[in-house]
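A quick write-up on the structure given underneath.
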C-alpha cells in the first residue's frame, strides 16, 4: 500500500463547495463511517438516529446537514445534501486507478476495429470486426466486443464482460464483470409442436452514464431495439428482456427481472428482486418495493408493494391454508350479513 | 452495413409454403413490426387488436391468418399460424452469420481434443483433454470446454461460455454468453457441525436443439446425471440444480430457479421468476405463471398461479397485517356462524 | 475412461471409521444411489421410506444408521450419520483430479504477482499486479485476479471466475465458473436529480473452506468490508450486496439475494430464492424457507416462512381479489360481531 495523498479541509471545500466551520487546516485522506473513522478521515451524518455515534467518532472532520450544524464541534462541512456531498468527497479522494492506454499484446483485436489511441484493451480481450472503442475507454481482461459493437468515450468494462455484435454502449458507462449485453431475446414460436427460434435482429442500446452490475444481462431486441436511457443505474444479476425500455435516471436493485417489451419510466426505483411482467408500462417516478411482482401497468407515481409477510413456519402453515379459501370466507361473511339483517329485522 | 439481399414474395412462398395473395414480385429483405416496417419489410398480424396498426403499416407485405385474409389489401401470405410463419421468414432472411472454420491461433486446444475440421474455435477459447467438438460447431471467444466434454454438430456457444468436464451438449444447440454447464451441484452434509462437500460425480447432459440463455447455470448431477431433453428452450439467468430433468420442448422464461431432483414434464411453460422446489414432479403440459412458487407436485395439465397482488404501499400495509391473522379471522367467522344459528333458533 | 481404482470395504472402514458388518473383502470403486448402484458401488440409506429400494439394490455394500443395521444382508457400514459417512466415502473415492502445477504459457501474470511454485495458473488466465496465489491453489482458464488480490492455499477457482482488486479468498475454497467477487456495491446518491456514484472502497473478504456457486456475485464493501466467514457454502446465482456479513457455516441455496449491510448469523440455512432486505440482522441457527422474503430482523432461532400458496389459475384469480380487501373483510367481521352481540342481548 502506498501512502495516500491528503488534502486540507479548506481545499476540499474550495473544490466541492459547502460551508466550512472550524479548522480549515485539518488534513483528510479518506472517507469512512462514523464508527471506523480515524483522524485523517472525513465522515458524514445523514439521519438523526446516528447522533450518538457522531459524538464518539474519531473522524477528523464531518459532513452535516444545515439542521445539524451544531451537532458536533469537529471541523465540519455544512451541505444541503450531506450524502451527495459525501459521494463527491469520496470520488475526489478515490479517483479511478489510472490504466495505461494501449492494446495488451495478448488481446486479439480485428484489424478492422477502430480503437482510440487513449483507450486501453486488457489482456486476452477479443475485439471483433468493425467494433469501435472510443477515447479513454477501458476494456478489461477477457472481455469480448462483438462485430460492429461500439463502446463510448471514457466507459469502463471490467474483466470478462460480453457485448454482442452491433450493440452500443454510451459514454462514461461502467459495466461490471460477467455482464452480458445484447444476447438473444427469448423469442420462440410453436410450430407443429416444437419451438422455432425467432431471430433477434434488434440491438441493445445503452445510453451515457449508465452503470451495469455484475452478471446482469440485457437482451437485444427482437425486431426493434432494447433501450437503456442515460443515467440508469443497474445493480447485479438483473435480467432485462428484449425490447424493454428503461427511462433516464431510473435505479434498479439486484435480482430484478423485467420481461419483454415492458416500459419503465424515468426516475423510477425498483427494489431488489422486484419482477415486472412483459408488455406493461410503468409511469415516471414510480417506486416498486423489493420483492414485489408487478403484473399490470402503473399510471400514477407512488410506491407500490406486494410481498407475502413471513412468520414462523407453523404460523404460516396455519394462515396460508386459508388463503386458498379466501373466496369462501368472503362468501360466508356476506351470508352472515344477510342472515343477521334478517334476524335483526325479525326481532325489531 | 452491406446492402441486404432481397427476395421476391413469390419465391418466399415457394420456399416456405402458405397461400400468396397479391403481387408476387414485391421484393422483401427484412421482417419488422407493423409500426416500424418499411416497404421492403414483411410484417405480421397475430391478434385482432392490432388491426388498426395493420391499416397504417408501411410494410411491403404482411402475413395473416385465414380469418384475416381480407383485412389488408397489401400483398400477403395466408398461414394457419402467422407467428410461426413469421419465425420461418425471419430465419430465412436472417441466416446466422457465417463463421470461418478453424482454430484461432490464440485458442488453447489440448492435443488430445478432437475438433472437426468444419468447426470453429474462437480467440482465447480453451479446450481440455479428450474434449470433442463436432462438425460445424462454433465455440466462441473465451469459452472453456472441460476435459472429455463434447459439443454436438452445428451447435454454437457464444463468447465466454463454460462447460465443465464430461458434460455433453447435443446438436444444433445455442448457448449464450456467461452460461455455465456442469458446475457442481449444491451437495453438502453436516458432519460434526461443519459442512462436508459431497463430490458431484454425475454429468449435465443437454439434448439436441436446446437453447440456453445468458448467465443460465445448469449443475451436474450428484450421483446420476442432470438431463435437459431435446428442444428445451431456456431464457437468461435460470438456475437448474443437480439431478433435475426437464422434458422435451419445455420452455422456461428468465430468472426461474429449479431445485435439486425436480422433474419437469414435456411441453411445459414456466413463467419468469417461477420457482420449483426440489424433489417434486410436474406433469406434461403444465403452465406455471410468472412469479409463482411451486412447492408440491402437479399431476394435472393446466395453468397454476400463486403471486401476491401488489397495491399502493399504504394499502398493502393495511391488508398484509391481516394475513398473519387469517387463521384467527376464519375462527371468528366460524364462531359467528355458530352463534347466529343459535340466535336464529332461539328466535323462531 | 480409465479403469477406476477399487478398495476393500474393510480398508475403507479402516480409513474412515464406522462399524463393518459382513464381507470385508468386497471391492468398492464408486458411490451410487440405491436404484442405479452396481456390485462395485457402495450406496446408503438415510430415510426409512427408501427401505423398499434397499431390498432391491444391486450395490455391493451399503451405509446404514444404527436403527437400520439389520435392514439389509449386504456387506454394510453402520454409522451414526450415514449421509455424512457417504460424503466421506465419496470424497475418498473421488479425489479432485490432479492439476499440474505451473503457469500456462498463455496466461498473463504480472511480474510483481507472487505465485507459489505448487500453484497452477490456467490457460488465458490474467493475474494483476501484486496479486498472490498461495500453495497448491488452482486458478482456472480465463480467470481474472485483480491487483493485490490474494487466493489462499489449496483453493480452486474454476474457469472464468473474476476476483476484483484487493479482495481476499481464504484457504481450501472452491469458486465456480462465472462467479464475481468484489464488484462494486450499488452505492449511489441523488444529486441535483441525477445519480452520483459512491466509490466502493471496501473489500470482499472470503474465509477458509468457503464454496461459491456458479455465477454468484459478492460485492465489495462501500466503506468497510463485505465478509463471508469460514465454512460458508453458497449455491449458484446468489447475490450478496455490499457490507453484508455471513456467519460461519451458514449454507445458502441458489438464487438468494441479500441486500446491503444485512448480517446473517452462523449455522443459518437460507432456502432457494429467499430474499433478505438490507440492514437487518438474522440470528444464529435460523432457517429461512425457500421463496421467503425477510423484511425485518429475526432474533430467535427457528424456521421462518412466507410464500404465497399456488393453486389453479382460476382459483387464484378468485382468491387473490380478496387479498386487496382483507382489511375490509376484517372490518366486516368486527361489525358482525358487534351487531350479533347487540342482537343476542336484545333477545335474551
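Just so it is clear, A, B and C label the chains in written order, and each chain counts residues from 1 on its own.
Criterion: a contact is a pair of C-beta atoms (placed from the backbone, for glycine too) under 8 Å apart; a residue touches a chain by one contact, two chains touch by 3 or more.
Model, not experiment: these values are computed from the prediction.
Asker: Following contacts chain by chain, what is the lowest number of steps it takes to reach chain C starting at chain A?
Answerer: Steps on the shortest route: 1.
Asker: Would you kindly state whether over half or under half of the residue numbers at the chain B/chain C interface are used by both copies, giving same or different?
Answerer: Different, since under half the interface numbering is common to both chains.
Asker: Centroid of chain B to centroid of chain C, CA atoms only: how many Å?
Answerer: Here chain B and chain C have centroids separated by 25 Å.
Asker: At which residue positions does chain A touch at least two other chains?
Answerer: If we look for residues of chain A contacting two or more partner chains, we find 106, 124, 142, 160, 178, 215, 237, 255, 307-309, 311, 320-321, 323, 325, 329, 333, 336, 340, 343, 347.
Asker: State the interface residues of chain A toward chain C in the complex, per the touch definition above.
Answerer: 30-33, 36, 81, 83-84, 86-88, 90-91, 94, 97, 104, 106, 122-124, 140-142, 158-160, 174, 176-178, 209, 211, 213-215, 231, 233, 235-237, 249, 251, 253-255, 267, 272-273, 290-291, 307-313, 316-317, 320-321, 323-327, 329-330, 333, 336-337, 340, 343-344, 347
Asker: Tell me, which parts of chain A touch chain B in their complex?
Answerer: 106, 108, 124, 126, 142, 144, 146-147, 160, 162, 164-165, 178, 180, 183-184, 186-199, 201, 215, 217, 219, 223-224, 237, 239, 241, 255, 257, 259, 275, 277-278, 288-289, 292-295, 302-309, 311, 315, 318-323, 325, 329, 332-333, 336, 339-340, 343, 346-347
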